[in-house]
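You will see two complexes here that share subunit A, one where it goes with subunit B and one where it goes with subunit C.
After this line comes the complex of A and B, so read on.
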């Protein structure tokens, strides 16, 4: 009986983090889609050439975000790495982080006409094999054309 | 000071190149704030303390780069790039570099 208690906690954590993590992810994705729609008029491209128009101002803009993976995701990732499978939970995590970073960058460039040369970088946060979180950073040059 | 990550400052002409300028900062995590992060690590979500920490470090690195460029007499920096590296357990270096130029 004594031995079962840690396992009980482990299973409870596993199940609870699955539901909680999935719920949070769903809410976050809905939020991202909504904000992406609102910022559709500000194109962020990876091109370097501005349009052939008079330029008023240029500015370096960036946005970053650190997103933590949950307990369920870590267990699934460890299990999947035994068999060399596709880790879809990690894909969702990276996608969330990158899109959020690009959105924050766009929000900082409010009033600009375009963002040129957007670069997205990501970095693992955590010591050695442990993954505390994923950092995504987007930066680009916001350009304001003469009206 | 105008900073871009493309090769030119659109709408302006570059008159002088001063070469590479850089700024860097090494930051470590805060063990006390890490307690909160380890809870978040179970249930997922954004780690706001880390987001702020990294954002602040980048701003500091940029301001150091600007200082360097100003001391050379430049008024703009083009082709800025960001790099990060792990220097020790729990610490990261943020390195930002670009080309200092004079525009008119």
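After this line comes the complex of A and C, so read on.
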């Protein structure tokens, strides 16, 4: 019977992290969509040249986020890595992290007319094959045109 | 160039399928591969084990035995060695080893057959035994494992399983659900080996003592002892005790062995013998 206890703990953790992680992901995506729509009028572009207008101020803005990969995602990622398949659980995680970082950068540049030269960097946090978390950072130059 | 704000709800970067389905698909694939490799290599290990010469086995066993070669109850061991010698003398089906029994001061209700004819009986099991017939049945059961080469098969399969997981780099937390699955599969194999050893034991007992009286008592004792901690039979290495007794009872009927007297244990009738002195652990015992 004692041999079954680690099984029970593992399964409980796996099921809990699947349902809780899926719920949190859904909520986060809904929040991202809502904020992206609200900030749609502030363009963030990888272009380096501003419009042919007088610029009164420029500013470096950045947004940074770290999102944890839950137990379920870690297990599926390890399994997928054995077969050389797409780690689709990590794709959703990366998407959330990058979009959240861009949103935070935009929120930092409140009042700007545009953000130019935008760069997005991301990296995995965790030893070996484990995805403990994903870090994403977005940075750019906020431009304030003369009115 | 004009900026036209437009928002697309469609997200091509996030997969739309259920991740749980991905998990099941990958798990089944991995389990299939592991089972396949395990079956093939396990079969190969078994075949090699069956053909391993006793001399080679004795050389291999040296390392394992030296650690366990100590004797906690010398007089009890001496008595068990006599019982074992009588059993070994009445069969020719055993590999040519110098069979030795040693008694360990451990509460486990178990006995193990180590390579090269070294049987270890734990104190926990001895205290449950009520007669010489029961002690002889335990030893005969372990001799059955030598006759069928089970002790080496177990080692071979264990090694194969360990090799697979090491090769996959899955010695961390992830295979927690896979490793027991494979082991559970192997337990069925183990239960078959235990049943075969039971049958061998009863035949050997009848050949040595001229009857099969009191042989089933050992299972009754084990059943009583195991009532507290009931493990589902599928997860157990040994078959369910009731099922074991039924199988042996029908074997007894089939063979028509006479029912003889139950021999009492010498002295106070308990094992290990009261006042039996322990020697220091690690000292090699004198073989008979």
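What we mean here is this: the second predicted complex is superposed on the first by the 143 of 147 C-alpha atoms of A that agree within 3 Å, B and C clash if a C-alpha of one lies under 4 Å from a C-alpha of the other, contacts with A are read in each partner's own complex, and residues count from 1 in each chain.
The rule we apply is simple: contacts are C-beta pairs under 8 Å (C-beta built on N, C-alpha and C of every residue); 3 or more make two chains touch, one makes a residue touch a chain.
Values in this document were obtained by computation on a predicted structure and should not be read as measured data.
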| item | value |
| --- | --- |
| Superposed partners subunit B and subunit C on subunit A - clash or fit | fit |
| Which superposed partner A:4 touches (first subunit B, second subunit C, both, neither) | second |
| Which of subunit B and subunit C A:17 touches, first, second, both or neither | first |
| Degrees between the directions from subunit A toward subunit B and toward subunit C, using C-alpha centres, nearest 10 | 110 |
| Partner chain(s) touched by A:34 [first = subunit B, second = subunit C, both, neither] | neither |
| Partner chain(s) touched by A:58 [first = subunit B, second = subunit C, both, neither] | first |
| Where subunit B and subunit C come nearest after superposition, their Cα distance in Å | 13 |
| Residues of subunit A contacting subunit B in one complex and subunit C in the other | 73 |
| Of subunit A, residues touching subunit C in the complex | 1, 3-4, 6-7, 10-11, 18, 22, 29, 33, 36-37, 40-41, 43, 72-76, 78-80, 82-83, 85-86, 88-89, 91-92, 94-95, 114, 129 |
| Subunit B residues touching subunit A - in the complex, by the definition given at the top | 2-7, 9-11, 37-38, 40-48, 50-51, 54-55, 58, 62, 80, 82, 84, 89-90, 92 |
| In the complex with subunit B, residue positions of subunit A that touch it | 13, 16-17, 20-21, 24-25, 48, 50, 54-56, 58-60, 62, 64-71, 73, 116-117, 119, 121, 123, 125, 127-128, 132-133, 135, 137, 139-141, 143 |
| Of subunit C, residues touching subunit A in the complex | 3, 5-7, 9, 11, 13-15, 17, 19-20, 22-23, 26-27, 29-30, 168-169, 174, 176-177, 180, 229-231, 235 |
